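For reference, the structure I am asking about is given below.
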Amino acid sequence: MDAAALRKLLEEVRAGACSPDEALRALQRLPFADLGYARVDHHRSLRQGLPEAVYGRGKTPAQCAGIVSELLSEPHGGPVLLTLVNDTQAGAAMAANPGGVRTGSTVVWRAAPPRPEQVLIITAGTADLPVADQCQATLEALGFKASLIADCGVAGIHRLIDVLDDLVGADAVIAVAGMEGALASVIGGLTGAPLIAVPTSVGYGAGLEGVTALLAMLASCAAGVVVVGIDNGFGAACAVARILGPAEEAPEPM
Amino acid sequence: MDAAALRKLLEEVRAGACSPDEALRALQRLPFADLGYARVDHHRSLRQGLPEAVYGRGKTPAQCAGIVSELLSEPHGGPVLLTLVNDTQAGAAMAANPGGVRTGSTVVWRAAPPRPEQVLIITAGTADLPVADQCQATLEALGFKASLIADCGVAGIHRLIDVLDDLVGADAVIAVAGMEGALASVIGGLTGAPLIAVPTSVGYGAGLEGVTALLAMLASCAAGVVVVGIDNGFGAACAVARILGPAEEAPEPM
Amino acid sequence: MDAAALRKLLEEVRAGACSPDEALRALQRLPFADLGYARVDHHRSLRQGLPEAVYGRGKTPAQCAGIVSELLSEPHGGPVLLTLVNDTQAGAAMAANPGGVRTGSTVVWRAAPPRPEQVLIITAGTADLPVADQCQATLEALGFKASLIADCGVAGIHRLIDVLDDLVGADAVIAVAGMEGALASVIGGLTGAPLIAVPTSVGYGAGLEGVTALLAMLASCAAGVVVVGIDNGFGAACAVARILGPAEEAPEPM
Amino acid sequence: MDAAALRKLLEEVRAGACSPDEALRALQRLPFADLGYARVDHHRSLRQGLPEAVYGRGKTPAQCAGIVSELLSEPHGGPVLLTLVNDTQAGAAMAANPGGVRTGSTVVWRAAPPRPEQVLIITAGTADLPVADQCQATLEALGFKASLIADCGVAGIHRLIDVLDDLVGADAVIAVAGMEGALASVIGGLTGAPLIAVPTSVGYGAGLEGVTALLAMLASCAAGVVVVGIDNGFGAACAVARILGPAEEAPEPM
Amino acid sequence: MDAAALRKLLEEVRAGACSPDEALRALQRLPFADLGYARVDHHRSLRQGLPEAVYGRGKTPAQCAGIVSELLSEPHGGPVLLTLVNDTQAGAAMAANPGGVRTGSTVVWRAAPPRPEQVLIITAGTADLPVADQCQATLEALGFKASLIADCGVAGIHRLIDVLDDLVGADAVIAVAGMEGALASVIGGLTGAPLIAVPTSVGYGAGLEGVTALLAMLASCAAGVVVVGIDNGFGAACAVARILGPAEEAPEPM
Amino acid sequence: MDAAALRKLLEEVRAGACSPDEALRALQRLPFADLGYARVDHHRSLRQGLPEAVYGRGKTPAQCAGIVSELLSEPHGGPVLLTLVNDTQAGAAMAANPGGVRTGSTVVWRAAPPRPEQVLIITAGTADLPVADQCQATLEALGFKASLIADCGVAGIHRLIDVLDDLVGADAVIAVAGMEGALASVIGGLTGAPLIAVPTSVGYGAGLEGVTALLAMLASCAAGVVVVGIDNGFGAACAVARILGPAEEAPEPM
Amino acid sequence: MDAAALRKLLEEVRAGACSPDEALRALQRLPFADLGYARVDHHRSLRQGLPEAVYGRGKTPAQCAGIVSELLSEPHGGPVLLTLVNDTQAGAAMAANPGGVRTGSTVVWRAAPPRPEQVLIITAGTADLPVADQCQATLEALGFKASLIADCGVAGIHRLIDVLDDLVGADAVIAVAGMEGALASVIGGLTGAPLIAVPTSVGYGAGLEGVTALLAMLASCAAGVVVVGIDNGFGAACAVARILGPAEEAPEPM
Amino acid sequence: MDAAALRKLLEEVRAGACSPDEALRALQRLPFADLGYARVDHHRSLRQGLPEAVYGRGKTPAQCAGIVSELLSEPHGGPVLLTLVNDTQAGAAMAANPGGVRTGSTVVWRAAPPRPEQVLIITAGTADLPVADQCQATLEALGFKASLIADCGVAGIHRLIDVLDDLVGADAVIAVAGMEGALASVIGGLTGAPLIAVPTSVGYGAGLEGVTALLAMLASCAAGVVVVGIDNGFGAACAVARILGPAEEAPEPM
């Protein structure tokens, strides 16, 4: 609720079109629905241009289904995502809410219309694919063209150089890597595009379940590399949505 | 060196305008100058739109001065920064290279011409200012309008709500916070703009010299928040440069 | 056993009403019962106003049942809790000791009579509910009115502002949050009531199984926030019992 | 700003006593003063019953003096504290703002009038005294009677038993300990009063600069112990202020 | 092999009773048997007065059985222990080697004859019993009188004071505790006997699977407390064997 | 692709034998095959003398089989390894690619011809064998003579001294140890041969799943000890391949 | 205060030789003196056979002097130690209390008469000497014969074997080592005597200021090794005092 | 002392050329000199082909000088190094022992004669030079040709490709890098030569004083990379000595 909307409300109060008590309720209750176990925020996509996402872990199948239903009940809402779900959660939510499309641990309803920006996801290894898949599914739900190039680890630097043309043409790049996470630094030196690094928990022993890659990406010698949490492909896609902004029309973002 | 440049070089070889040995040297030696103690990269600003930055720590004053001189010797280069310097290093570099402007631990030569984008830096406390100052100096060297609002910690949430208008108008936002780093999450819920979180080593004890803020920002419940290393105000500014793109050919960056 | 009781005992010795050997036994053996595998403390609720609680993890079902029985054998005792139990442990204890009421992983016998104080539990997300449920069950066993508001994470700050009236009216507030734990800092700025923060192991990767939330809460920029261990909803409820003190009559606390 | 104040403002708008634009400014700008380097919050003591505290570390002497002056300019304000200052900072602030009283690293202006509650601070060793002193100075600035008993470590358990009478009579207890932090657990078993544990960075090697004591206090086997950050004596005192409530309307605080 | 044995061997060489090649073999090969997957040391019990122990984890049932058989093949050997075994490993070893007695995860063959020293094992809680049981089984295999008192946590300090007589009479004391591990410090202040602290992985969250108790015990404010690894009840028993020394006759310890 | 090959290509361009576009493709695309989920590097064995290894974890059985097939399709390639596989992965890969030989979690195709160098693997305990087995299988796939001596822990130092002759004769030594990892230091003092230390996750509690052994090996007081990641027997074998170099004929290593 | 003393006191009460109030004071106040900044425990040496030790760090010179004076005022007391002092603290304490003897950072008053047991301190390197010196000074204050052999690191295992005779003859052995701490494991395999390991903060990088040695010693593959905190030579000496027992009534200590 | 030497000694005993007592002394006392504060090992260079090195930290100047003198007193010894010294230590040692040559924190006496192998040291940045200098000084003391190329960080990958010819020609490569340590992985993919990675404490914040680089190098996706401790340039040089073997009999070392 920005200043303009607030002034309008106050002018209605002065004009008698709105009682103080009504205004009070309006001011105190920005729109969300209280399901008891969750307080569903109906205006986030208007406010931020980000998808409505339900984090599946730790929720019952019924809670997953219910929150998705509530979000879809908003007629002008944007994409709705259910992330990190298992089969039972996905099944319950998709049965209760037709039209969902599942990719790995992500289910998408009401994907946004396509938009022209190109996003490039590069992984260091084959085992990083589940995280990259989550990222790609989110980007596509938001309307972006998201291409994924797997297995470009820095120990075979020529495989990375081979995709230089794709790198140069991308509007944003997402580097997904576990183990020592060096991929982000090398890509950071090859392109000046927005670059988001996603550490993964791939690898074992000294990889410390992603902590090594996380620290290495944060300490990258390439300037301007930014980092999201371990295995957080969803977060990297949302960061792209922030960076590339709303599609054609986005009159007042908040 | 992208594919177009490579093809042009090869065609010169076929045309006899360039001998194979000359091409070999060109291919093997992308432009940089070897000072013995450093290999100065002359084309980074062309390649990436990022400033040439010299990291001061661990370098002698003479090394600082010499690397800056080498970078400035490139006639068409962009801004040159010397970061995290003490008085002795700054003095040596500025004496040898006139025209430098110092802000705190940062010295800037050859700042870029102004460009229209607005970047907003918000700090949680007064003690976060040195990191924010480094960030602001870098952004201004790159030509951005960078405004800085200090002391908006979440324990007085109304101070943050007071700057909502600035938040809404910014092309990118940088949240600088130590202690528990909650500022990033709250801002992330208020705006859909690109948001970069900078953890600082402010605070003591359980702040663990910035690690707590770093972890909290990575684990933020606000989607799409990205993070740079502890106290790395310079890195956050470079990330903005990546996000908003080069000045010349950036008609509507977002 | 306080000084008054000790003086009385000694005077009985002088008067011959109590032999030295009897006094010795009395002095050495404050009341508890030795079950072999546990030494049950019968006077804790008198001494501290806290419930008798049996920590279920690592105990056999028979041990759970036996310790609860021993505690209930004290005719004037207060509430008895069995915490963090699985189905087998709960079943054995409830079969052997009628009257138990189970909520999630907690079973309560002999709940205290209602008392007027209001305690507000607020969670950042739906997935924090199991910890909040344990906390609520313990508070209710102690007689408090405990209301629970779920899913008020700081990324949608208006959901929190919506419950401001509840916040202002509470005698104590418990903030339950995983991920970056920012909820505690924001609430700490909105109310001056006693505020106990409970970090939860919700979230993954950089959440470090609750350590990030724990550190963030300890480093909170809001003054006077206190913290209990990760997922320790029971401990937060006991802290409330300490803070709000014994109900109507509490003649000699120890 | 609670609902009652908001309704009153809106009614003034309806009555024409306040223009919408004036109301807008009032709503957007809760009272604080912007000094450029700090945004001073004038109503925190009204809102929370906590002292206004300026955290000295990382601020210049002039900033310390200026923020204190701003806080003291509020005629009806409560106590003002400047914490963790060195001699230069304290000198500048006290010269600019007469009436300050310094204890160790803390300076207090405008201490609250005395109130009857008793707070007991117990330290495990002599070396914990600086943290305990900061705690005591803050409590006294808030009007509490704060007594301090030093050197009651659990390796000489009779020294602790000797102060049982003081323990029983206290309205709140603060346990200050480094090394293994066992003091909190033992006190927690001896009293049912509110108990706040402050880990200190006393000790070396396996004490890990306070982390061992912090973890031990969080994992305490005594129920209802709450913990603040390492060396945070100020925070423990503020927690007491939350627990015992405002002075005016606190007939029987516990 | 001590100096006396070495001189005797060399004199046999000079006297021609032993060829240099024979002596070489004797010198290079102190007595052990090579099973391929293990090199069984037959003289450890002679050398050290410690039991022969086979660490079960990571070994196949056949390996467990085979190493125990080899150890028992030494006619004059002392006790043989198989530790941390599951049912399959224990079954295989006991079937192949009659006479084993199992307690929890420990199997003992050829227990030593009883000796008079008293060892007292005290646990903080009921859940520490598996570690204490392993310790007791090992002590009894070595011939010691080992009594075990459970559930003496410091939050009910009178339960500990109740066993003071046992404490005073013990030749060595073993404190077994998880969570905050304060038990060791308190016992250390009550007795001057040898005191070995065993941290356990009991507890959760801030207990960090025993690390908190470990650190707390190492940082104990009681002088002369020594510590073994987490859950290492076997190691604590062996330390007692070192401390109390060989039984009646121990002619040449190595 | 070294300088000689590059000059030859450029000369072909000048001579018209190769068009610039053809050269561009050759330069950009060093030989590998893109399977979509993996980019198989066909020249690594030529370039480095190392085996082609497929890391099994996180790959589907079909992916394992497919990548191995691609690697074997190179007619002049060297050994191919599939590491850290479970039964399903191994089965799929071996069914699709005849000739594989499995040892534990490793499958080898097309082992190199024998070469004369001796490599000695020494483990501290029986439980370190799976890591040592992986190392031995890799070494034998590369053609080395690899002998393995198990259970030489430093607590029975004579067992280690017994294998001194083997130590002295080895061209490289690999020390495999968990727990405190002292084996590497002791061996490092006994031989001047190349010595690679492999920490294992054997042990529990203070072993911290291999971190203790890792740190101890890195901090070894024996000079020139080098370390690989926890449980990385494969990596240690590859390090030996680097150290002992290509077999008889290896004309241009890269 | 043991049961016998308590019974005697109670009998005096019955006999009228002691009034209840006198008994109450005696029972509540075990003997110590309250200096305000410290509570000096006069009976620790009687109770435990350990020296009275004042930990210097964090105490003022006057506090050091005062606590030592108080301890020496007990006419029948045992040795008094002031540990980890700097020159100023030592000077103040020795000036105020004649008869002190300083060794490094330790000052001893009133050393115990010699007793026959031999304690052997072995260090891994020359840089471990300060910790070993503190240990030796404490042992000698307690009356033990303490010999110190420096620089026996396991990388030159023959230097350790050279002192085998000393090892065999010792009543207790203390292994002092930094870096990887392997010395304790090797000594543990060579002797069955009581063995206390002291990790030191010698070394850098992966030594992690003693944490690596600490972890390695706790994870030692030699059975029965016990460990004290990092650099805690004083604690190791006290552990020996516990192990070898009081001098008077220790007919055959081991 | 190998088996051949032992047999020879025993045959002398049989022949009467050596008495058993003489042999005993010879066997027990491998050659070293006991200076009291150090036990100098005279045969290490014979035994291992490694230099005699004295670690300066924590030693007095007199100890540094004395140990170096003792090492130089061996007429047939190899190079002697004094490492990590400050000016005072270096001055004392060089005054007492003429002929020393100092480079940074390293002093070398009696450097080995030149040998033909080429070792290449590559650093990621200018600030890594002190560690690289120590490494180079040690290698040259051992007779190796050691060239050093600075500032080849992976963010400017073409600077690394520029030195490909040097990489291909080296007998061993040492990668020295702080921050994210990615240099080792990239070099590991470019060459099959022995490759030793040295993490440095360069960088700040998320670099964690070298731990990030260390972990990243251990988790490297390039096979066969080995790692030494943080900042341990000396250790890396010694590892090269092990890898390339003794000079005399090393005609083609690899």
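Labels A, B, C, D, E, F, G and H are assigned to the chains in the order they are written; within every chain, residues are numbered from 1.
The rule is simple: a residue touches a chain if its C-beta (ideal position, glycine included) is under 8 Å from a C-beta of that chain, and two chains touch if they have at least 3 such contacts.
Just so it is clear, the structure is predicted and the values come from calculations on it, not from any experiment.
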item	value
Selected interface, F-G versus C-E, where C-beta contact pairs are more numerous	F-G
Listed chain pair D-E, B-D or E-H that repeats interface A-F [over half of contact pairs the same by residue number]	B-D
Euclidean distance of C-alpha centroids - chain B vs chain G, Å	55
Whole-Å separation of chain centres (CA-atom averages), chain B against chain F	40
Residues of chain G whose C-beta touches two or more other chains	3, 28, 125, 156, 164, 190, 205-207, 214, 218-219, 223, 229-230
Contact set on chain E toward chain G in their complex	2-3, 47-50, 53, 164-165, 168, 191-196, 214, 218-219, 223-230, 234-235, 237-246, 253-254
Residue ranges of chain C in contact with chain B within the complex	124-125, 153-157, 179-182, 185-186, 188-190, 203, 205-208, 211-213, 215-223
Parts of chain G lying in touch with chain C, wherever the complex brings them together	3, 6-7, 10-11, 13-14, 16, 19-21, 23-24, 27-28
Chain G partner contacts - residues on chain D that touch it in the complex	125-127, 129-130, 150-152, 156, 158-159, 161-162, 164, 202, 204-207
Complex interface listing, chain D residues touching chain B	1, 28-30, 32, 36-39, 41, 44, 55, 57-59, 63, 67, 199, 201, 210, 214, 229-232
